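Down below are the structures I want you to see.
Presented sequentially are two complexes of chain A, the first with chain B as partner and the second with chain C.
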Partner chain A sequence: MSTPVITTPAAEAAVTGRAGVGRRLTSFMPVIALVVLLAALTVADPGFLTLNSLTAAARTSAPLVVLAAGATLVVLCGGIDLSIAALCSLATVFFALWLPDAGGLTTVAVIAATAAIGAVQGVAHVLLRIPSFIVTLGGMSIFSAIALVISDAGPIRVVDRDATHWLTLYVGGVVPMAFVVALLVVVVVSLVLRLTPLESWIRATGYSESAARLAGAPVDVVKIAAFTVSGACAGLAAVMLVSRNFSGSPTMADNLLLPAVAAIVVGGTAITGGHGSLWRSLAGALVVTLLRVGLPIVGVPSAYEQILYGAIIVAAVALTLDRSKVLTIK
Partner chain B sequence: MTVTSPADADLEVVHARRPRPRRGVSLRDAGPPVALVVVFGVFAALSPGFRTLSNVQNVLDAAAVLTVVTCGITFVLMMGSIDLSAPGIMGASAIAVALLVANNRNDNDFGLLGVVVAVLLGAGLGCLSGLALVTLKVPSFMTTLGISAVGLGVATLMFAGVQPNVSDRMLEGLAVERFLGLAHLTWIAFACVLVGWLVQRYSRLGRYAFAIGGAEEVLALSGVRVAPYKVAVFTMAGAFYGLAGVMVTSQLGAGLVQAGKGYDFSAIAAAVVGGTLLIGGRGGILHSAVGVLLVTVLTNGLVQIGVSPYWQGGVQGLIVVAAVAAAVIPQRRRNQVTK
Partner chain C sequence: MTTNLSRRPEPRVPASAPALEVRGLVKHYPGVKALDGVDLVVRRNEVLGLAGENGAGKSTLLKALVGLVRPDAGEIWVRGEKVRLGSITDAANHGIGMVFQEQSLVPNLTAAENIVLGSEGPGVRHGIYRWNTLRRLAQEQLDKIGSHIDPLARTDSLTFADRQMVEIAKVLRIEERTSHPPVIILDEPTSVLESKEIETLFTQVRRLREFASVVFVSHRLDEVLDVCDRVAVLRGGRSVGEVPAAEAAPAELHRMMIGSTGSDDHYHGAAAERRDEPRRPRLVVRGLSGRSFRDVDLDVHAGEIVGIVGVHGSGREDVCRALFGAEPTTAGDVVLDGEKLDLSGTRAACAAGVGYVPAERKTEGMVGPMSVADNMTLTKQKSRCTGPVVRPGKQAKLVDGWIERLSIRTPDRGTAIQRLSGGNQQKVVLARWLVAGDVRLLLLDHPTRGLDVGARSEVYRLLRELANQGVAMVLLADSLEEAIGMSDRIVVMSDGRATTEVAAPTGDKPTPLDLVKEMV
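So, the complex of A and B:
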């Protein structure tokens, strides 16, 4: 979708005029939602606010956090990556197939492979000038097909559990290692962005691509890099999933697409690009996980989960959309 | 153009310009049918099983559901929007119709009325995504992704753990009984193409859908209230998906939540291959119908020559990316910002 973009001062005003009360409130929205959810769940079931269940929730959230963090970079550039879940499923199959031969190197190999696949999508988006959501929608069905073919459409057991054993450990006996790794991803990527010109380039690309291009930002390279990181994150999330399920399957992560997109938009990252951060997606992913874990606690059938995701996505995008930037909504 | 006296120049312009767009359009329009003939010929040469009459019937019957979904999505694409809601809406209408006609879960036996209600349910869900688009100003791929999830949730709620098996004669008969060698469902698909073509050609809705895709700003500035037409297009698309859900239920003899899985992408693939541009303003129902045949022939032919059916989605993915890439080549310079 090529969105008509105005590059008049109106857009610039929206960039700097962030100090309004409403704006500030929306920027804290994910944290507020997180606290409110925790409180509500504790009221509904006093047993929820115990170490055990919080640890379990944190462990469940790890793959989602990683997936959402990677895709956030693409969204910050103004695009979207709909292939993360399918790529993650494909990566679980890769992991299960490669483990007998590659042994301890499998994790690195899988992440490298998914990063390369992500880069290919980025190159297709940039060079062929195809809208990112079409490239990744196409990627989604291509990756699913590859996963189905190489796995013969069934789950593959992972017998050697040593390779993923480290992810099932607990740091200090409390914090699940998978969650620590997810946090590390968010911290490292955020720091790299902050300490290099990358952050300005990404924001400039998201806020106004043509202006960024004219100002000399390497827009194309930045976009390809964002897709690469997104792919690598899908690979890491796949390793986490395998460490929990002890198998690889061509559809294992497919139902994570909607939660990941929901996590990004609930965190307050604008789908129009530029505004947002990985920290927001971390908060968003925690909110989504709590909803997932919490609905059965409150006694709501899990069928409502899907309806809720749909409503949340639409509502959160409506709240965070930068309307000054989009002339016509397609 | 040479510079001559004003009167001559006018004449020249008239003479020089008229044939030009026609030639361009006809080349663009001729591509997909030519590709269809070529692909058909290649498979017919490669596989003896492909070139039988019964296989041609199979192809047409297999294309029925996709045709109806594509009829709906074509109008949305013509506006320059996108619609990913087909899986959810089809799932909801598939379960709804299975529960409303004679079935093993309850005592309902509404027959045709049940079908109408299921189609209306689809239209309602489509209307919701249109309303979210124009009132909340959320891009259509997000609203429809959301509505798809809502539809799947509604379907799961109605499913309630027990699969509704259809025992309604009329609904089951649609997929089984044949007229002139083709299943009744296939004739329904033909009827949908005809209705879609009439709407596109002769109704204000169809003309405005084109105009919205071509230049929405201009249309709005000329005093047309665009929003109601956008909602109407999404509502109509929803109704088509609802009908498609009913057709899947008729084929399977049972209501399934996953009735529409993958149809969103296949329909986009079919429409794009047929020559409907994703940026809107070009294409149409007949283009899409050719696209559906192309996609179905490709799917059927690849299976006939022994390619694993699991590749189906991958082939469609490649086709879409290639077709969109080919379509944007003429506009590379104009379209500098790609999101």
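So, the complex of A and C:
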């Protein structure tokens, strides 16, 4: 019975120690970034830290939070969903087209439709054994094209505003309803994961799919479910966008893909799967939103936004990637 | 038995120095001493055999010789000159090359391209491929070994044996880097060859001896003795001796490989406690066939441990995986406790009370970054849930109970399993199947791989206890000694078929040699 408790001589223990500190730091990174950003923006424009601008920022962030939350599930499983923005755009068109007939049920119908589309992508990924990157890249192109075709390549006005009116309300007069709904999505999905075996299964799938499979975890079902939820979130985000813009448009959400991926990686969710959470993506989405509303304040033209997103994604992954897990960097 | 290991030949005359010499090589891995002071001499123009059981340190030694593993201590000398080998290129520059067990050719390139890949030399000028020169270079290499393979054939269109010839031709490119005769290492080159192809390979090895030194590694002792001039034996990371091949018998070699320490006593001792009452058959396998196995029949009774032994490529690992639904089958019936077992997937197997401990613990057995508790309850989620809801308190109580029962050494149940030692990791992996108390059949693929002696005996004791409680087990042991010690019955597999069955009751155990005879 001479089994040592911890694997190692001192050298490796030191490494583990450093990784421990690093991990703790990265887990607070999104919150630290959020506070630093708020402080910086307040310094740049002392008028920024007011109830009005914070309320506006929260309202703007809601669709992004929802999109990022859904896609986080796919990333946790070790995949990626590049189709969320295109699917969301398509869903705004669905909403505008279906509203006259479906009325109050339109929201439910749109979310059900996008969930089904997400499930189809998940099934294609699992059953045909195609990398999720490719499936959703193809999906992105297909959904964009369908949106263009069925909308005649232009925005469709939404005249009946009753169906989305509730999303434009304010809880307690200050907190935008859309943001509350986004928070609810994060809370509910996180709770479901935490309270059921799902979290265990998702993490195992993301960290090591073969180990998860050999432990009898329902890997395929979990992955399809993740894509389904990601699709449903794209539908919900679309409803939020329509409630603000009073129209559906085939390109309405297209500029949200990069911010959503940025939100996930800035939050510190590992792009290789397993490690991360929806809470992190919430913080990441708030950071990204603050950058977005803050750039004009510090005098950066918004045309530079995309450069920033690109740089953020690369930098955040560079900081958080566990290279020991990735044998060959492709 | 000749040994010139103690010789300290400094200063030496380079002309008489051995082609390659290893002195006191040490390599530790967490929990394991892979090399524990290995000495080895490879003379010029000789074929040296390297024998040893799994875990004896052969592959680590070979990797150190080609710069893939950095030893913790010890020296490597090449032709009387002490060298440090930091990479495969370093080794090649010193004239050491290896033909890998897993072939290292790029399948969609031609044989010629593969041969010169990475050592194009005059075949590339100003960054541009000069195809004619490349082909000529490749042809020269093939001529060297007298092979008639078409250099323009795509590699994946060649037979396995031909691809191996291409590998040898490729390795011989290191002659361009040094003026000295090279040292060529062949790691298990015969494991997937037909007997006729093996003859061709041996002719090739003898031809290589004319201008090179060869290190030949094989599990099959008769082959080693057939083709080698001298055989060095490793055991437990140490050199235990060497014999001239002409004088040795497989039996003698085998004795050296497994040692005569009687270290398998503890299996027998534990086995003696077994209840020996009549048992009912639990697992009945009839005519099971798959990609790498055919028509396998197997019976395992409740409380019985059946070992399957066989050389590399015998298909025993795949049979094990097939019974767990992790490897497709084409035919056959499997019945567990009178009910047909669903082999369509791992979930069905788990639900039926079948457990599997994979050989690759770190990548397949456990989810490294997840906690001990979550790893332990990963399969039997119901054991920590009420309805669909996880109850952390229930999980804590269950996991802590098993941590205590199996004396798993861990700071606490929340520690990431990858921080534990190998033996404790393996106990968590085993506990995964036990927490629900519904396991009927355990399939154990090298359950003690990479564990040190203490951890091994703990695993043995645990397995024995489980057998006494009526769990049926199929064991693919790490060594013959382990298979004999642990098993009640041993099935020998060869070329995908179960060929023989040997009874191995306590007090009347077969010897490793009895089994080796059946295996080859």
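The rule is simple: the second predicted complex is superposed on the first by the 311 of 330 C-alpha atoms of A that agree within 3 Å, B and C clash if a C-alpha of one lies under 4 Å from a C-alpha of the other, contacts with A are read in each partner's own complex, and residues count from 1 in each chain.
Simple rule for what comes next: a contact is a pair of C-beta atoms (placed from the backbone, for glycine too) under 8 Å apart; a residue touches a chain by one contact, two chains touch by 3 or more.
No experiment lies behind these values; they were computed from the predicted model shown.
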{"item": "First, second, both or neither for A:P218, with chain B first and chain C second", "value": "second"}
{"item": "First, second, both or neither for A:A119, with chain B first and chain C second", "value": "neither"}
{"item": "Chain B versus chain C as contact partner of A:L321, first or second or both or neither", "value": "first"}
{"item": "A:T196 touches, of chain B and chain C: first, second, both or neither?", "value": "second"}
{"item": "Most chain A residues touched (candidates chain B, chain C)", "value": "B"}
{"item": "First (chain B), second (chain C), both or neither touched by A:S210", "value": "both"}
{"item": "Touched partner set for A:G274, first chain B, second chain C, both or neither", "value": "second"}
{"item": "Partner chain in contact with A:S141 - chain B first, chain C second, else both or neither", "value": "first"}
{"item": "Chain B versus chain C as contact partner of A:A153, first or second or both or neither", "value": "first"}
{"item": "Touching both chain B and chain C, residues of chain A", "value": "1-3, 5, 210, 213"}
{"item": "Residues on chain A engaged by chain C in the complex (per definition of touch)", "value": "1-9, 12, 16, 194-197, 200, 203-204, 207-208, 210-218, 274-275"}
{"item": "Chain B contact footprint on chain A (complex, rising order)", "value": "1-3, 5, 78-80, 124-126, 128-135, 137-142, 144-146, 148-149, 153, 209-210, 213, 258, 261, 265, 271, 273, 301, 303-315, 317-318, 321, 323, 326-330"}
{"item": "Chain A contact footprint on chain B (complex, rising order)", "value": "79-82, 88, 132-134, 136-143, 145-150, 152-154, 156-157, 159, 216-217, 262, 265, 268, 278-280, 308, 310-318, 320-321, 324-325, 328, 332, 335-339"}
{"item": "Chain C to chain A touching residues, read off their complex", "value": "28, 30-31, 324, 326, 346-347, 349-351, 356, 358, 363-370, 374, 377-379, 381, 385, 388-390, 407, 409-411, 419-424, 432, 452-455, 458"}
